[in-house]
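Working notes, structure below.
Chain nomenclature is as follows: A, B, C and D, assigned in order of appearance, with residue numbering initiated at 1 for each chain independently.
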Amino acid sequence: MVYEMLDRYNIRTDLALEEKERFESDHVEVPGVILEESYDMEQEIRITKVKIETENGAKIMCKPAGTYLTLEAPNMAVPDEDYHREISKKIATYLSKLIEDLELPCKQELSVLIVGLGNRQVTPDSLGPEVVDHLVVTRHIVKEYGKYAMGMESANQISALVPGVMGQTGMETVEIIKGVVDQIKPDLVIAVDALAARNTRRLHRTIQIADTGIHPGAGIGNRRGGLTKETIGVPVIGIGVPTVVDAATIVSDTMENLIHSMEESKLLKGVGEVLKTYNDAEKYELVKKMISPHLNGMFVTPKDVDEMIKQISFTLSEALNILFTNEVPA
Amino acid sequence: MVYEMLDRYNIRTDLALEEKERFESDHVEVPGVILEESYDMEQEIRITKVKIETENGAKIMCKPAGTYLTLEAPNMAVPDEDYHREISKKIATYLSKLIEDLELPCKQELSVLIVGLGNRQVTPDSLGPEVVDHLVVTRHIVKEYGKYAMGMESANQISALVPGVMGQTGMETVEIIKGVVDQIKPDLVIAVDALAARNTRRLHRTIQIADTGIHPGAGIGNRRGGLTKETIGVPVIGIGVPTVVDAATIVSDTMENLIHSMEESKLLKGVGEVLKTYNDAEKYELVKKMISPHLNGMFVTPKDVDEMIKQISFTLSEALNILFTNEVPA
Amino acid sequence: MVYEMLDRYNIRTDLALEEKERFESDHVEVPGVILEESYDMEQEIRITKVKIETENGAKIMCKPAGTYLTLEAPNMAVPDEDYHREISKKIATYLSKLIEDLELPCKQELSVLIVGLGNRQVTPDSLGPEVVDHLVVTRHIVKEYGKYAMGMESANQISALVPGVMGQTGMETVEIIKGVVDQIKPDLVIAVDALAARNTRRLHRTIQIADTGIHPGAGIGNRRGGLTKETIGVPVIGIGVPTVVDAATIVSDTMENLIHSMEESKLLKGVGEVLKTYNDAEKYELVKKMISPHLNGMFVTPKDVDEMIKQISFTLSEALNILFTNEVPA
Amino acid sequence: MVYEMLDRYNIRTDLALEEKERFESDHVEVPGVILEESYDMEQEIRITKVKIETENGAKIMCKPAGTYLTLEAPNMAVPDEDYHREISKKIATYLSKLIEDLELPCKQELSVLIVGLGNRQVTPDSLGPEVVDHLVVTRHIVKEYGKYAMGMESANQISALVPGVMGQTGMETVEIIKGVVDQIKPDLVIAVDALAARNTRRLHRTIQIADTGIHPGAGIGNRRGGLTKETIGVPVIGIGVPTVVDAATIVSDTMENLIHSMEESKLLKGVGEVLKTYNDAEKYELVKKMISPHLNGMFVTPKDVDEMIKQISFTLSEALNILFTNEVPA
């Protein structure tokens, strides 16, 4: 109800998981969307798989059909090197499965272009560039010395790019990547990006991996033009970590909670009922009053966002390094 | 009413101006507190002077007695070099007056230690260190070559320090500064710090200058131990710019606004009345439901906080450079 | 003589001007190479034009045929904003002429891709990326809103790219740029790079502009594969600033100077004569002894290289901004 | 001989080891100076102890009396985490012995102030600040919660400071540190600084630990005023890593080598003899010709100085963390 009103304000999420939860809270089944959950007791990681199977499901979810894996690891924010290495291995394993399912043309070695989306100068948007900074790139070595060069255990050809954002380059990111892909002809592109979540609880402890690429989202940097097999010609796996929540989301949540708890308290039973009697103009007026124009362009982040970005980007780089330049962990 | 409930949650502001407004909204006069306002049409700067004259006023305002100047310049966020220079001159003028009122021992030249508080690694907390980075320091030159050295127009001895935060140094900031002051014996300390505001509208466009130093605040970095004449032995002028708003503030504002507009809409007349019938336990329960624990440690910032900090720190450095190493502008 | 020996050690320069001087010192005319010099009294800028007209000249000079402009401005290292703006205007003027001579297909507006070569993480190699950081890019705005958008005085479509270096990307820079050029189809590419000079006197005060693009050089980053019209399909103007001198150069200079001054002092007349009697093996032995292996990968830089790079990159960005987004200065 | 001439040019070293070698090359015993060497086969570390025991020895060595340990580890430049940890343990062990020898007043726990000297903005001078960035500081925790807080294995009170350089602060570093020491009253100060070496072979693979503090040196930042027990009131251990070599050193080395090898080659026997016949004015003239004024303020650094500083600062931080917050390694 309030969500419905807020939809005019485009308070959106980049997480398929949250999109799904939105319907769950209304006890609605979304046709064509399958949800699987599992829990890793040892490392306290919750894994959720949202599979959008039909075009109809895609329309309702505002996300393209495909598989969306979400890893939630509350301790990811804690600076424990061993724990982070375990998460990295986990991510590597899931990525490995997702790549298998892509059924790439049969080759023993992959050529993979890893792209770090986002703006290096804006801290919560710098996740992608930071990940690329710590990658082991090998394409130039394998090309020069062959696969048995330098005692490397793998001969995957890993290349990496930080394309920048449109305000810095004057070009759409997809133009740049399409150009480089046409030259390099990788088997696969992996794009890493900072996302916007709806719930602050998800910040810096959630990783979404999707076989559908990257889509113009709710994120920080106004990415236009999706990064998908359709636009660049090779499969794209998107890895995203929510680093911000739109400030307007908190307004929405508070309204939701307040009305809900007023009703529950029985003292104000019927508030929701009354809201339902509002016509469209009245609803619009109410929401407009709630969301101050000063909240425009405002984001909610943890105060240690700099430290968080550093840690998670390191965890992601390590996952990609494990996957492509060492053996894949069992 | 809601404010009252939220007070348990310590949603506070570092701005005397906002503390004052809190009472105004309830149409309450605060005894011992004087408010003067003026407006500069040309540069569109609103200047507010909050003067806390009595101990009672200080208690009600949760701020020590003294003078708090606030400059609000909506265009401060716009990257216009000429405009920024005008603001810098304005700040220099107000600082100059405040220093005159301190009635320092009569000397032609001042020795001033400028301290940049905050954590260089955390973007919204890096204002102080950034300001110091662009200062013209002169103490070592004047000491070595005398006042007529290098064609300098002034012989003020300007020194500068970035002490770091307790988590980095293991020391309270006041210990470090007290030690340096004892050695250097400046006439005056000016401390620059990032502040927390209650209203996002104030972010990055408001400058507070106070003759009462710096106090343990609502800010980002948990500064403990005030920086005042009492603690370090020389007068302290505090310059602060709000760079964050506590995320909980938005919850509070939304509740306030929602209840208010429900009442106004006449459809829910009496919501406030009902809330008033709540006993303390019920009130506490309601607010607890509203403010998610996940909002703890969360801040609201504009997405271009990196750029904003750069610009405003430059404006402040220039103000201090104009004031102390050139002539004071008319 | 010593130079000849040292040539085995590849002590080279990226500056055509220095390559020319090398022959001058031996009083040798290089056929097919024309030298023009002028001096701007007011701003104390020496401008040298080296024009390599024949393939033979190119071979002798180890540089492709074309025009190489060199601006030497000793005061470029001084932080004087007004002076830097004058240099920026001068550079803009020379660039403008060079572009005219390219006889690009007749259009009123140009689409220009500006490329910042080098490694952002290695200070003396970060010039290119730093220049791009301060560019005004307009391509996306002109494409979206047309040429009369936003009161822009020009409708040139400026785009910009920081491709990174091979060790970071696993790709040759020319592959990346070729790909982007194929997508964007600019009329012209301008590539900015840090260079190696032979003489420390040239560091941070010399700018070379060439219509021949960028060539695998003596520089810091081991750029392989030239960036020229042949390799990427559109004309390339190279802008370079020497930021390092190979440490081995100093050895060479010292040997040269010592032998020279020993001879001049008459006390050791004939040292050069004796050296000439050395056979190849003996010469090689001598030079090997002089250049310690520990000098490998060592560079000579001024101690304030960080500050220098910041200033010169700003001057270059301003030159490009003046040229493409304002009117060209008279 | 050439050294003697060059002494006018103040080509100095901050390493006691190199000062000692200077005499060795002339087969001169320095009275009052003892040299002990050992070699760790496993980790390939050469350890040299230079002990200056008399005032006369100090005068000849241009270094105050005391113990100077030098660790040379050629592989320190290689990014191997395990190897670096071994070096860190080694440094911790040596530091521990040096501290024992100080015979501090008997206490179970130490209060240590670690100071990172140098300029964060100038890469080769940023070693000290970088080391402090990775320290575990504990003083504020021990003071608040006592020694049994947080499962800490040690109750040493570690504090840390980055005082900045005089050009940034207007204060001499020793003034700042004296002030803080007077407030904090630590048992010991450890100061970390970047040094200048004479030989590029020593760059980034040598660590000097001295119980004599830090002295105005040959380094980058023109530190004035020593940091010693005499100036600040508590013992000072200095830890230094050479990150630059003065460019003039290379000139000196080349001259030395050239003359030496000319003589050895028998073809120019007697060059040294002839040089000896020069009078002072002639010598001065010769050297002046060799060292170009453009070499003034020029330093020799490896091209990957940024990466080197990062690695070594991490190794040093870890050594200090091992020593003070874990148990000392056997």
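Methods note: a contact is a pair of C-beta atoms (placed from the backbone, for glycine too) under 8 Å apart; a residue touches a chain by one contact, two chains touch by 3 or more.
Remember, predicted model here, so these are calculated numbers, not experimental data.
*Asks:* Tell me whether subunit A and subunit B, two copies of the same sequence, contact each other through the same residue numbers or different ones, using over half shared as the line for same.
*Replies:* Same: most residue numbers at the subunit A-subunit B interface appear in both copies.
*Asks:* From the C-alpha centres, identify the chain that is farthest from subunit C.
*Replies:* Farthest from subunit C by mean C-alpha position: B.
*Asks:* Between subunit A and subunit C, what distance separates the C-alpha centroids? Give it in angstrom.
*Replies:* The mean C-alpha positions of subunit A and subunit C differ by 42 Å.
*Asks:* Could you tell me the distance, in whole angstrom, between the mean C-alpha positions of subunit A and subunit B?
*Replies:* The mean C-alpha positions of subunit A and subunit B differ by 36 Å.
*Asks:* How many angstrom lie between the centres of subunit B and subunit C, each centre taken as the mean Cα position?
*Replies:* 47
*Asks:* Please set out, as single numbers or ranges, the residues of subunit A touching at least two other chains.
*Replies:* Not one residue of subunit A touches more than one other chain, so the list is empty.
*Asks:* What topology does the chain touch graph have (line, ring, star, complete, other)?
*Replies:* ring
*Asks:* Would you please name all pairs of chains that touch?
*Replies:* Pairs satisfying the touch definition: A-B, A-C, B-D, C-D.
*Asks:* Given the complex with subunit C, which residues does subunit D contribute to the contact?
*Replies:* Residues of subunit D touching subunit C: 121-125, 199-201, 203, 220, 244, 247, 250-251, 253-255, 257-259, 261-262, 265, 267-268, 271, 274, 277, 282, 286, 289-290, 292, 294-295, 297-307.
*Asks:* For the complex, which residues does subunit C have touching subunit A?
*Replies:* For subunit C paired with subunit A, touching residues are 132-133, 137-141, 157-164, 166-172, 175-176, 178-184.
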